[in-house]
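Pasting the structures in now, so scroll down.
Across the two complexes that follow, chain A remains constant while its partner is chain B and subsequently chain C.
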Partner chain A sequence: MKRRLRDVPWAVVMLLPSVVLIAVWTVYPLVKAVQNGHLRCDVTGTKCIDAGWGRYWDVFISAEFQHALGVSLKLMALTVPAGLVLGVGLAVLADKHLRGIGIFRTIFSSTVATSVAVASLVWFVLLQPQIGVFADLFSGWFPVLKNPGLLNDPGTALLAVAFSSIWANLGFTFIIVTAALQSVPRDLYESAYVDGAGNVRRFTNVTLPMIAPTLLFVTVVLTTRALQTYGEIALLTGGGPNPEKSTTTIPYLIYGRNSIISGDLGTKSAAAVLLFVLSLALALVQFRGLDKRVHYGR
Partner chain B sequence: MAADTVRGVRKVGRYTLLVVLAVIVLFPIYAVVLQALKTGPDSLDHPRSLLPVDLTLSTIKAAWTQGNLGRLLMNSVFVSVMVTLGVVLTSLLAAYAFAFLQFPLKGPIFVLFLATMLVPAEVTVVINERTADSLGWINSYQGLIVPSLASTFGIFLVRQVFLQLPGELREAAALDGVGHVRFLWEVAAPLSRPTLGALGLFTFLGTWNAYLWPSQVIRGDRAHETVQIGLERLKNNDISKINLVTGGLVVAALPIFIMLVLFQRQLVRGLTAGAVKG
Partner chain C sequence: MAQVRLDHISKTFASGDDQVRAVDDVTLDIEHHEFMILLGPSGCGKSTLLRVVAGLEDPTAGDVYIGDRRVNDVVPKERDIAMAFQRYALYPHKTVAANIEFPLKVRGVGRAERAAEALRAAEVLGLEHHMKRKPGQLSGGQRQRVALARAIVRNPAVFLMDEPLSNLDAKLRGDTRAELVDLHRRIDSTFIYVTHDPVEAMTMGSRVAVLNEGRLQQVGTPQEVYDRPATAFVAQFIGTPPMNLLPAGLWGSDTVQVGIRPEHLRLVPGGPLHAVVRQVEHLGHEVLLFADANGTRLVSRIDPNSFVPEVGDPVAFDAEPGRLHRFHPESGERIE
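Showing the complex of A and B:
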């Protein structure tokens, strides 16, 4: 017992910096946001009354939140499956011992070096309606590129944001899936080959089950990132085109400079907490639903 | 013979596919870099803008001056280095406590730490902005740095490595009268260098690339802006000068590209630490 307590002073000293920082900048804001989510404020955002837990429901069913929720879910549907398929496809294609394969691997990993701001501004420049490269090269097939521009058409703006996100996340997915592919024991392929399994069957019966835990991880990360999309919106569309607000995601509704709730601490807090609950719930569903089919073979 | 031909055709097919996909993935970067290396009018003359001719550094120079990029880069380097050092230090200390020290409620406390990993910045920024405001940290380096100085992920990662070190190491050191601080500094930390390197690289990249928090805690103060939020100013200019943005992009992305080429192995190691082993 004495031995157990001898280390306590040291433990306190060593844990203190992390405890204080995490308490002040992660735990306190979470608790405070949950509390503030009860507040209903007047138009100026200064006078607030405590409306209780019911306030969350009010915010959830409000037109603004429902719209932003729809945009966020649409963005998720546009980016997650496509990003996953592209990343896995590239990784499988490059998982062969060919001369010069290292160059291709470096190229496919390269977008991991682009930040949200850099990737978004790259696409902002390329997609300019009158003077962008894409407008000049492809407007014959896709007139929307020139008039009004992919980012300015309410019907395509979110798609443009999705392009930018998929491209920016491709390097991350590629690197992780490549590492997973390399950890699949080669003799499994050989025995499958001996058993007469073709390329397709080897992929579905050996590769996929072996990399399933990694795919689950990547799916959860991509989903979370899609739900947290803020920088892309701020830089590419500013939540517009307006008045449709076709790209106002939940994070942009909360943090956007010209968001209609930007001065309303209560509603912002409630929306932030709802976003947290939503991403947590989705991650749990993905783990539950996919876990049954995932084979942790190690 | 026939089998060889089939194999040869397949190989050519695979290479062709790889090249096409590589061109598609690289195209945005290629187009932007070439535009950055041309004068304004040349950069808008498509598709000639895609040919590596008439190259000049004038656009990048103009972007450098107009975008105040020297200052932005310096801010980003300073903030990222400070956060990286801080995270490595706080992670080492906390991980040491969890791995080598005995204290009551160790397990539950560790689980509580892990739970905070689930809380995304998107939730906490609403309140953190007000906390920063009340501390007078809006438009300051403290505001950019301090909230990021501890990392649950870092603590978790370093603890994993510490737990893999042989237990006799600490016992032998204790018999020799080596205290905790010296053991951490001279034995445990050096033995975990690869993991610390990966953690450092990741923290640096994450801080360098951060957008949401800097965009909220820095409100138009050019002296403290990081590259990521400062770049946007180049876009607000005259639309025909859009190539200034490309110049800024090249300057902002180049240091990271160089870093990633140099530290490719650590990057892959860090990225996969969370994924493959769960």
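Showing the complex of A and C:
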């Protein structure tokens, strides 16, 4: 016990850097945002009054927030399952001992090292209606690529953003799932093979259960990322096409240059806090709902 | 009837630009319901040979027969074999019952029959009270028994085991050895069992096949292999402590290596083999005497109630001529 007490000052000193960083960059902004969320401001954004907790409800039921919430959830539904299936699929394909497989692994994981800005720019050029490669190649089948362009059509803009987002997150999913696949003991596959299990049965009886904890983790991260999608939208569509605001997600509503609430500190803060609560709730539901089905350890 | 015949089996692995010959022209006939041990040091090719029988590896050359059927091109599922792995290879997310049932499930056996068969296999191994548990809740020995139960559940013609006891502690290993011998007596399968432990080979096998560097050294009953080792390698590999191997010229002819088991090397005043005692180990029921004869290390197993010399004492050894083994100094082969 004495020894423990003697260690306390050093422990405090060691903890201090991370405590300070978390306090300044995480706790303080969060507390401040929660406070600001109470504010109701006039059109100039300079005169604000404290409208209390009720302000959050007002923001939540506002048409703008409800629209952005719908777009965000749609984007999540477009990106998470597709990203998961593609990432696992690629990882399983690349998890073979073939000559030159390292090249494919590098290619598949490369998007992890690509910034959102670069990824968005690449897709922007690819999808460009006049000079874009996609318009040249496929506009015969899909005229929308040429006129008005995938990003300019209210019906397809979110889909195009989802493509770019799935692509940008694929490297992350690929790397994490590849690592999980490599930690599955080979003798489990061999045992199942000797027992007569074919490829499909080995995948469902060995691979999936053994990487389930990883899949849960990736699902939670992909969901959070989908809800936080901002960069792609700012660069590809600016929340448009307008007036439908087809790609105005909650983060774009909060930060976006063209956002209707861009000058309103109070409403922005309230929307940010609501997004935080939404992400937290979804993550909890995922953990609660899937955790029971996931087997950890041996 | 499931005899297993390995006909001139070779297996080469490519390692970068090198070719590693893991199994080198092995021919071996295993009788129906035999308990055949593949014994050798790590890297001798014994596991590779077992995997060739299982169908997990394709032989580079040679043929594998199970029963009368050549099975080189037959997938494991169709070979009527089962395999137990060194690290059990249980499915951690499945219960004991589901693990044991798995091979039946894959074959489309109905639920009720599956449960009945799994229970029967579990009873053979004393697992009937653990059926609802997961492998993580079992001890190492119990997990091993689940793996064995999963292997016997569909009555395979041939039962392959790859060092199944090496992850168990010494006490449990001894108990499980006896259980496996008992299991072999009770079921009609042919057993092929890989181990690097000569004690397992001696105590369990009806016959032992000793391998070294991919080549078959000797096949015989444990006693034959112990009494008349075919090569100097077998002589030294089987038996604890290993057989003394005297370089040519130290005793008798200048052109043969002489081997003497520690229990046959007796202290005889005025004997022909002179040495100095280096170490004395009292094991209770016996004493191991380590001595140095002109740079060659000797081990002698002597009675603790007889005269026991001390470290530094000069001693002389002798052995009955019938107890000497002679080997060719280069090839290591036995000379009669």
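We take it that the second predicted complex is superposed on the first by the 294 of 298 C-alpha atoms of A that agree within 3 Å, B and C clash if a C-alpha of one lies under 4 Å from a C-alpha of the other, contacts with A are read in each partner's own complex, and residues count from 1 in each chain.
Heads up, the rule we're going with is that a contact is a pair of C-beta atoms (placed from the backbone, for glycine too) under 8 Å apart; a residue touches a chain by one contact, two chains touch by 3 or more.
What you see is a predicted model, and the numbers here were worked out from it, not measured in a lab.
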Next on the checklist: Under the superposition described at the top, does placing chain B and chain C together on chain A give a clash or a fit?
Outcome noted: fit
Item to check | Touched partner set for A:209, first chain B, second chain C, both or neither | outcome: second
Next on the checklist: Between chain B and chain C, which one contacts more residues of chain A in the superposed model?
Outcome noted: B
Next on the checklist: Going by the contact rule set out at the top, does A:112 touch chain B (first), chain C (second), both, or neither?
Outcome noted: first
Next on the checklist: Per the contact definition in the header, classify A:187: touching chain B only (first), chain C only (second), both, or neither.
Outcome noted: second
Next on the checklist: Quick one: is A:61 in contact with chain B, with chain C, with both, or with neither? Answer first, second, both or neither.
Outcome noted: neither
Next on the checklist: In the overlaid three-chain picture, which partner chain does A:200 touch, first (chain B) or second (chain C), both, or neither?
Outcome noted: neither
Checklist entry - Thinking of the overlay built on chain A, is A:36 touched by chain B (first), by chain C (second), by both, or by neither? => result first
Checklist outcome for this item: Across the superposed arrangement, the tightest C-alpha approach of chain B to chain C, in Å, is 6
Checklist outcome for this item: Where chain B and chain C land on the same part of chain A: residues none
Item to check | Complex interface listing, chain C residues touching chain A | outcome: 54-56, 76-77, 81-83, 85-87, 89, 91-93, 102-103, 106-107, 134-136, 150
Checklist entry - In the complex formed with chain A, which residues of chain B make contact? => result 11, 14-15, 17-18, 21-22, 25-26, 28-29, 31-32, 35, 44, 46-47, 49-50, 89-91, 93-94, 96-97, 101-104, 109, 113, 116, 118-128, 130-131, 146-150, 152, 155, 180, 208-209, 211-212, 215-216, 227-229, 231-232, 235, 239-240, 242-243, 245-246, 248-249, 252-253, 256-257, 260-261, 264, 267-268, 271-272, 274-276, 278
Checklist entry - Quick one: in the complex, what on chain A touches chain B? => result 3-8, 10-11, 13-15, 17-18, 21-22, 24-30, 32-33, 36, 90, 93-94, 96, 98, 104, 106-118, 121-126, 128, 130-131, 133, 136-137, 167, 170, 172, 175-176, 179-180, 183, 213-214, 217-218, 224, 228, 230-231, 234-235, 251, 254-255, 265, 268-269, 272-273, 275-276, 279-280, 296
Item to check | Partner chain C, residues of chain A touching it in the complex | outcome: 185, 187-188, 190-197, 201, 205-206, 209-210, 212, 295, 297-298
